[in-house]
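Look for chain A in each of the two complexes below; its partner is chain B in the first and chain C in the second.
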Partner chain A sequence: MAEVKTVKVTIDNITVEVPQGTSILQAARMIGGDVVPPAMCYYSKLEGSGGKCRTCLVEVSKGSEADPRPMPKLVASCRTGVMDGMEVRNITSDRVKDARNGVVEFLLLNHPLDCPICDQAGECHLQDLGYEHGKEATRYEFKRRTFEKHDLGPYIQLHMTRCILCYRCVYTADQLTEKRVHGVLSRGDYAEIATYIEKSLDNNFIGNVIDVCPVGALTDKTFRFKNRVWFTKPVTAHRDCSSCCGKVTLWQRGEEVLRVTARKDQWGEVEEWICNVCRFDKKKTSDWTIEGPSHVSRHSVISQGHYEHLVQPKETFTAVHDGRHPQLLMDIHSVSEVNDKTAKTKS
Partner chain B sequence: MAKKLLLEKAHVEGIRYFDVYRREGGYASVEKALKMEPAAIVEEVKKSGLRGRGGAGFPSGMKWSFLAKPEGVPRYLVCNADESEPGTFKDRYLMEFIPHLLIEGLIVSSFALGSNRTYIYIRGEYAWIVAILEQAIAEAKQNGFLGKNILGTGFDCEIYVQRGAGAYICGEETALIESLEGKRGNPRIKPPFPAVKGLWDCPTVVNNVETLAAVVPIINMGGEEYAKIGVGRSTGTKLISACGNINKPGVYEIDMTISVEEFIYSDEYCGGIPNGKRLKACIPGGSSVPILPANLLLTTAKGETRYMNYESLADGGFTTGSMMGSGGFIVLDEDQCVVKHTLTLARFYRHESCGQCSPCREGTGWMEKILMKLENGKGEMSDIDLLWDIQRKIEGNTICPLGDAAAWPVAAAIRHFRDEFEWHVNNPEVCTTQNYGLAHYADPIHVPA
Partner chain C sequence: MERLTNRVKVMEQKPMSFMESLYLPAIFKGMAITFKHMFRKKATINYPEEKRPFSPIFRGLHVLNRDEEGRENCTACGLCAVACPAEAITMEAAERTPNEEHLYREEKYAAKYEINMLRCIFCGLCEEACPKDAIYLSETFAPSSFTRKSFIYSKDELLIPHPVNEPEKFEAAKGAREARQKN
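Showing the complex of A and B:
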């Protein structure tokens, strides 16, 4: 393999060396932490995605070593390639913060904010974005746009009112299935995700559109209203599947498997696509080989009560206490001794 | 009478047909150009200083020289005839009355760029012009100016007319290419630019109708001669489609040396404002460029006379200037309400937003609703600031320039006519029945010493 040329890019004063052709967003993800711009429509696994939501706008204060002029407009970091010596400002730029604020306001403008009854709540990217960059109140005083709910086949429900038109599902349907049945109708603020003449989506991999949806517009009908995601426990599991990798996350409550999704990485992106059989039909623990609890970000609401990194201490209690055995301070069975000044702790 | 290059023969009877057009000296540029080297033609266009007539005013020769020329990959020339900007109808006039001029320009340009298949993407509403163009193409083909081995030079070229489906957004070059490919007309994210990766991922040049027609006189008279017409970097002639409150609306060919005042009031052009009314405001370059009040339109902020050319109209930037744009000249007299006018434009941009990126999709609808409120006397003072803030957050943050196009008219209206907006808020009862009138918009501007 030929040596890949690397270039140096500085994002918020942190320099990183990345292969040529990397986007600014991917370079920021290599750095990690706060300098990573949020992305609502970009999906690294989907070709052609990105550039639409405008939440990842960044300021390029220096084009490159060869051409140091700054770019006049803010650029979509997901679709802009890095150049050698490029300097990017994300959270250190007031212009970016202002623009991002505006974009979040625009995205939430017609969003119903029905999080209390939305299945996506708790794992919704728009919710996170709103918490991080949104304002506490809206300046919009008009009626919000609404759509009818649609069933896209037996497993998926489309709730267009919540949609932010990221086009991820369109690209997924386009690139994962052999027939293009899924697209966008109308334009402007009436644009809607739709299928070809109310055709149901029956491809074996179409369930993945649920996973790529950043909001609650596409939901799993087998899971609808069953539970809140933060009450369920994500468990990594796998099974031998003839059509897909079979590597999934099970969302359990007690012993019951409420939902099956593909495994997601730290950016909320699916690691490997799974088929509809794994997703919708295998809802018994016995169908799966459990690997252990999945990792949930500490910042996610799902991590509440989720003890994935329970480390058993290697030292014994006795060792820590210099050879003393653990002992009760009092015999709880004889409470009357509480007042007994002569009572000693039993060893 | 100013010199005409494009529309000189437009009123000759039967000019629409090949025989008459040829008798009047048509297709001479093809005969001349096909004997030249393609690079020499590009050089002539560069020398002419021709700037894109579609709105942005980018130097055409430069655009042509950016075209990538990889081996074995076809290159395409696409003529943007998707003229949908409110107030702009110059291309319609040109294509309807003198279609062979466009075909001639297309053949020369195709030869210069090496395009063997050239497309005219025409606005869907111009249904009758499609037939006119098709006929002109058939006639040119019959006479050996199109098809295989044109004039025995071995150059092959076919021109196809493709009708759009009536979307303003398809006038944006990458959306046009998407639509031409049979997809949804969503603008692409640039880079890559069409000059590298355009139609079917091949290098493509997209030019306006008028730009391509202007190639004909450039070849006929030579680039340097052409550059002598006009002033400064505004060379050649420009078609202006004038409409609104003027005596003689229509398409005029100007040579960019006349003043705005002359253009509006002289009988050769617009012929003044009807019914003895006074000029209140004007959009000099199609609906998306900033509106200017009468005083800033006729003179620049420095007190100099404003001329009908790229530089002079843009003098003062967006604070006190505007843009040449596509040449859609819309005149408003003292009876017109700027708030209502802005609402009309905002409604248009809301309707025409493709819905791909969020600031434009959501912001245009929001602006329309607020303007509707203001126009109906239900607005509040804070709404004006809110409008300003919304347009500011749309501008520059979208994929294509149409986000800016939606933001600029609103921004300029508030910038120059803020007191009219405030009057609407303060007089909710009156504003639905009366107009703010001319106010101080035609007063001489104060020039700081």
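Showing the complex of A and C:
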């Protein structure tokens, strides 16, 4: 076996040794932490993705050991390979920060401000990016672009106005399914994601476009307006599936499974693709073997009310009171119409 | 015994003098004070008929707002519920159908919306969290009741009267705060 040549690259004064051919973004992800540039279009599991959104721009202050000249412009770190002795500046460079703020402003130009309605809110990468780099108000005075509604079948909801044209879903449809019926039509301002001539997407893995979408352009129709993401509990679960790995995250509310998604890693990328049967049809807790609460970053809104290592305190009341339960003054489920009446109350 | 402080007053236990044993001078002195207070400004008001103005930052019962056309502002985004420290707010969303556009302002609306007034601490965080100006705390107290169940307020109780169909009720529900803020 041939030794893979490794090169040394310094990102924000942290040196890391990576195999040759690695992109700057991947090298930064090997370091981890704050030096990782955000990525809206790049997806490590999709071949050829990246280079479109420009949020991952970094400054290369030293090209390589052989040619130490800095690169004149900021480069997209997801599409630029590392060189031996390369020095990259990401968060330590004011130029990068400034450029990224500009890119975020551009991405938000046509993005509607409908986060209160959008089902992606809470796990939206553009929301996080806007929170970190965005301005409080828009300077854009013109009408935002609008599109005619396309129906993508009974499972997937397309909101073209929210799309940032990252092409991730196009690559997913291209690489995961045999027949590509999903692409980008038109150019420039008119560019839109569409299934060509409103063809229904019937491939068994097409549901993964929901997971790869960084914004709320492609969302789960079976979860549409069911609940907010942060009120559902992510639970790691699996089942024996003949067509996919069957490893998923269930988003539960009580005993109800509101949504099924693939498991995501720390970069928000899908760990393993799941099939449509797992995603859309298995909406019962009994269909799944539950492993436990999934890990949620403490900084995410989803972590509200989410306890990963919950130890229930021992109930002492009944023990002290000869087995009598405390008197319930009001059962909320007998009054409330919102709360699940079938949910068990602690007695 | 040694005294801890020198503020202790030693009671005199002398027998009463003649004037003191008459009692009348002391009674008249006391009555004079009482009568003097009858001509002073009253500290109380006749509550149900008369009402004190609320403080501009008073936080009372919640109101679900409508816009000037009478469409409901709430989109059931859940930010009030997540901001609520007492977890008093629950809701259920629904999608607006094409013939409901005069009822709800946005694509999604709150089909059910409940506030548990027993849990609510009237902190006003829901009002601050709301991106749609849909919920605010009015200048009313939560009325008292004998049953706990009557404190679960649903949309029927919370929604502000329609500004076009019932303008007087709408103005009354809006309260005097807005007018006062303008002045």
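One rule holds in what follows: the second predicted complex is superposed on the first by the 307 of 347 C-alpha atoms of A that agree within 3 Å, B and C clash if a C-alpha of one lies under 4 Å from a C-alpha of the other, contacts with A are read in each partner's own complex, and residues count from 1 in each chain.
We take it that a contact is a pair of C-beta atoms (placed from the backbone, for glycine too) under 8 Å apart; a residue touches a chain by one contact, two chains touch by 3 or more.
Computed from a predicted model, the values in this text were never measured in an experiment.
With both structures placed on the common chain, the touch criterion links A:187 to chain B but leaves chain C unconnected.
Of the two partner chains, chain C is the only one touched by A:116; chain B is not. Which of chain B and chain C touches more residues of chain A is settled by the count: it is B. Look at A:131: by the touch rule set out above, it reaches neither chain B nor chain C. Of the two partner chains, neither chain B nor chain C is touched by A:317. Partner chain A is touched in their complex by these residues of chain C: 75-79, 81-82, 90-95, 106-108, 112-114, 116, 118, 131-132, 148-149, 152, 154.
Across the complex, chain C is touched by residues 114-117, 121, 224-228, 230-231, 301, 304, 329-330, 332, 334-339 of chain A. Within the complex formed with chain B, the chain A residues making contact are 50-54, 57, 73-74, 76, 79, 98-99, 101-103, 105-107, 109-110, 139-140, 142, 145, 164-165, 167, 183-184, 186-191. Every residue of chain B that touches chain A in the complex is listed here, in rising order: 167, 169, 184, 189, 350-359, 361-366, 369, 386, 392-394, 396-399.
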